[in-house]
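Just so it is clear, A, B, C and D label the chains in written order, and each chain counts residues from 1 on its own.
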Amino acid sequence: MTTSKVASMRDAIADLVRDGDTVAIEGFTHLISFAAGHEIVRQGRRDLTLARMTPDLIYDQMIAGGVARKLVFSWLGNPGVGGLGAIRRRIETGEPTPLEVEEYSHFGMVGRYTAGAANLPFYPIRSYFESDLPAANPRIREIESPYGDGKVYAVPPLKPDVTIVHAQRADAAGNTQVWGLLGCQKEAAFAADRVIVVVEELVDEAVVRADPNRTIIPGLIVDAVVVEPFGAHPSYVQGAYDRDNRFYLDWDGITRDEDSLQAWLREWVYDLDGRPAYLEKLGAERVASLRPTAPAPSGVVDYGQYR
Amino acid sequence: MTTSKVASMRDAIADLVRDGDTVAIEGFTHLISFAAGHEIVRQGRRDLTLARMTPDLIYDQMIAGGVARKLVFSWLGNPGVGGLGAIRRRIETGEPTPLEVEEYSHFGMVGRYTAGAANLPFYPIRSYFESDLPAANPRIREIESPYGDGKVYAVPPLKPDVTIVHAQRADAAGNTQVWGLLGCQKEAAFAADRVIVVVEELVDEAVVRADPNRTIIPGLIVDAVVVEPFGAHPSYVQGAYDRDNRFYLDWDGITRDEDSLQAWLREWVYDLDGRPAYLEKLGAERVASLRPTAPAPSGVVDYGQYR
Amino acid sequence: MSETSPARPASAASSAAFSKSEMMIVAAARELAGQRVCFVGVGLPNIAVNLAQRTVAPDLELVYEAGVFGARPARLPLSIGDPTIVTGATAVVSMYELFSFYLQGGLVDVGFLGAAQVDRFGNINTTVIGPYDHPKTRLPGSGGACEIAINARQVFVIMRQSARSFVKAIDFRTSPGNLGGAEQAERIRREGGWLGRGPSVVVTDLGIWHFDEDGEMRLDSLHPGATVEEVRATVGWQPRISDGLTATPAPTPEELRLIREELDPAGAYTR
Amino acid sequence: MSETSPARPASAASSAAFSKSEMMIVAAARELAGQRVCFVGVGLPNIAVNLAQRTVAPDLELVYEAGVFGARPARLPLSIGDPTIVTGATAVVSMYELFSFYLQGGLVDVGFLGAAQVDRFGNINTTVIGPYDHPKTRLPGSGGACEIAINARQVFVIMRQSARSFVKAIDFRTSPGNLGGAEQAERIRREGGWLGRGPSVVVTDLGIWHFDEDGEMRLDSLHPGATVEEVRATVGWQPRISDGLTATPAPTPEELRLIREELDPAGAYTR
């Protein structure tokens, strides 16, 4: 399969993300595709169900941008800093329209993607005992062990219409490699009907084939490969750039007030035509300040030729 | 935790494998610890339950050596070649004593280790529908989805007393890295009460820490690290040596007859005191012929320093 | 068209003579035309899919049971867990991931199965001959076959046929085929939410069988050198023979060259 | 012994003055003496466990919720998913593996939880203030807290105490503590096969609470500068005070030096 799946972010979102879809942009603090989220806002998608373990700044921005009717999640916040204003206002006031929520724990969300990826009707976990969560979310259900040794809880499969992940590198067929935190991207990708991979670097397939254990998503399930360096800012990419903690701290002020949030969206999303313009606006100095202080090479292992 | 867990094979088996234990030597064609199996035979363990997806030559040898009363498995054979005589004779004739069998499919065994590792009371899979396997093994049971969308099958957790795996490398604390086929070693190790890791090479912890995504078993769950180069022969170690297909072909003749098998055991197990003697007997030329024909380096990735 | 020859001819690629095994491999490979993702087990399927990739199905993607996707073996491995399928592959994954996400997740179009016994509806036994508790012959068991039969979109069976293997009633049903017939099988698959539609072809050393609307095997093509009488003599029931029975085209020189020079120069699979 | 000071003193390590946050971190770190494997979440637990590793628990192994084992952060991260916990770690694993094999598999001795509300039995709310469907304040939710409360062998709670957080009845039970008391909690844990034995300590800015035989919090130690009256005023029930109430030893100069110079030179955690 040598057909290239390389596409622009604009085309990938236009072709693969549709009004009403369930969309998962995954990545646990690491490799969050802010670039894809912004493009979804720019293209004015509506009525999305947004799924994500940690809705984070990107979903606060997307929900402020009016793309979503529902949120599926397990932890809602700006980690280490504070809250997410747009999401909190929608939930607490129901303004401008109510935001439906479907809530799990972290392991529950991981189990849901796993069941989705493995075509299982449920995933069993040892959580939720004596918690109010199953009452708040009736999709969390008890299940009896067939071995007569008690019950655990089940969560239902989550099968996004589209999963979007950012990665260090992929080849043109979509074979994708990641190092550093892995989160639940593999499960979320296999669970999805359509997959968009956004990468720092497009590499020759020989680079992928040199280290096949590093591949987390095979091209087989990938629909588009978007090359968007720094597309995960203000989150980070192991080995490429640091988390922009200053932005996360700044967000606390921006998100507290709907007007300041909308002004931010105008300035950083609507008035820009894509990630290159965003980076230009961010400035070379800020970008440079986020580079690692020194390399930390993995070392080489030998797979050996066998003829 | 800088305490070294490095031990000789003799001490590791003496300390950690006990009569009556459930023992899993895992590795799917790759990284099978023949060295540990032979030492268990030499030390005369009895009444073991041997668990393994593919009982392969190593369990044929161990069962001929009289260590086992029960076999838990999913595929029984010499792949690409033929049968396993000692095991077949025990099952077909019940001589010298019957061998109890508990049989699953591959995915069933993987699910069992996964449930064992994750402390789940069962693991659900889409297999066994309309098969005679659940009738043959009543531990394979139906389970109804709590979402009203039908049933799947459940397998029970498998928690070995001891899991033994071979790997390319580990540090003295037992942090273990593998490349090439991964099989179900991770799940089998986390499921076990005790873990023995046998490695081609003992490395400084800095080597492990340079590439933490490569670690499949953390030292936290490892009880002993045995350094035994070529300890997986006649199976193979990616990048270090090839599968000795000649031996697998030869085994077909040896295992057909109980006398020739016992003679082989005497010559290659009982009369030797360990792997170095085995390798000397195997001969430098045979060993050299199994080396890869050329290197196939993985390439380096950069994790980056962040200060 | 030459007679089938049991032994491999001395001057390989130039000769039009071929063995029964070679014909079986070539016929199986041709059936893969148009397929996308194939789950590969040990033995004959391995050489058939590799031949198909080089002939009728250049885009065929291989998923090896050992946990390898996109393998590019430099030699044809004896075992499916050989190091040559790992080096240069696209992805190497745990067996948990392979069975959960690739197979059960629905990515596999064709799964290959061998069999010690098969019945007219394509139900398969690879477990025991005789009673389970006191078998006359203990066979390897399921391996991944049971879940392949249920989760691969369709199943190809490849096996030599004989009165001992093509039987009226199998001794143990390891892997479900069309159960007691198409109607029952389709209902159970639908109600159970199976991804698999069951067996679609059985390729043997004598011919090619597809499954008719009743879910029963029907001989559609006869290999060169084989006869309908020979087929009847090696089937434990009254076999259905297609009204339009065709003759399987003999292996082409190029197919034979690929098998003999590239895929299996040592003749390990084609003896 | 000096008065507790709300702001960090100018000349840090040399001064015996310290903030309430510093006292809370030091007290939590000391509680980790003798523990082996700790599950680390975001915020105060992160600095407490790193301090414990450098003082009372040099062999403490850290499991970061983001999927990192054996981290050696070169700096103290703002978020638990920072790149500095990955570089040089022993193992980096998927969240599936972390929650399945490390936490649920029973390898975690101590899990740390924060709370917006806690009741006298250590039950925790991090979900909503007010009714779930129309919350007055929407909080972050469980994250991993619910499964940590059930699967970690014991739970340490670290939080500032106030009349709003130490309440008679929590608005939503995100994570179970000792339920309605020790007897009920022990029965349910036993019958349900939980690995966790529930909360063992609550460390606040005023003191240290352990759980008595009824499963209720009991103030065992009062931090320097805090008073029993202050404690009573910030608890929404009639709190149990130990007969042998002790005074928490103030942070040592070395503990303060580690916090201020090595772990949190920017004062992000200790403001």
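FYI, a contact is a pair of C-beta atoms (placed from the backbone, for glycine too) under 8 Å apart; a residue touches a chain by one contact, two chains touch by 3 or more.
Given the structure is predicted, the values throughout are model-derived calculations rather than measurements.
Chains that touch both subunit A and subunit C are the following: B.
Comparing mean CA positions across the assembly, the chain most remote from subunit B is D. C-beta contact counts were set side by side for B-D and A-D; A-D has more. Between subunit B and subunit D, the centres computed from C-alpha atoms are 41 Å apart. Work out the mean CA point of subunit A and of subunit D, and you get 29 Å between them.
If you average the CA atoms of subunit C and of subunit D, the two centres end up 59 Å from each other. For the pair subunit A and subunit B, the distance between C-alpha centroids works out to 37 Å. The residues of subunit C that reach two or more other chains are 68, 82-83, 86-88, 92-93, 100, 104, 151, 193, 195, listed in rising order. The set of subunit B residues touching two or more other chains comprises 114, 119-121, 125-126, 149-150, 179-180, 182, 186-187, 210, 213, 238-239, 242, 292, 296, 303-307. Going by the touch rule set out above, the chain pairs that meet are A-B, A-C, A-D, B-C, B-D.
Contact residues on subunit A toward subunit B in their complex (touch as defined above): 119-122, 124-126, 141-143, 145-147, 149-150, 152, 154, 156, 168, 179-180, 182, 207, 210-211, 213-214, 238-240, 242, 292-307. Listed in rising order, the residues of subunit A touching subunit D in the complex are 28-30, 53-54, 73-77, 79-81, 83, 87-88, 91-92, 103-107, 110, 114, 125-133, 136, 149-151, 179-184, 186-187, 236, 238-239, 242-243, 245, 248, 292, 296. Every residue of subunit D that touches subunit B in the complex is listed here, in rising order: 37, 59, 61, 68-70, 72, 74-75, 82-84, 86-93, 97, 100-101, 104-107, 151, 193, 195.
For subunit A in complex with subunit C, the touching residues are 1, 114, 117-121, 175, 186-187, 190, 205, 208-210, 212-213, 215, 218-221, 303-307.
Only residues 42-43, 65-68, 77-83, 86-88, 92-96, 99-100, 103-104, 127, 132, 135-147, 150-151, 172-176, 179, 188, 191-195 of subunit C touch subunit B when the two sit together in their complex.
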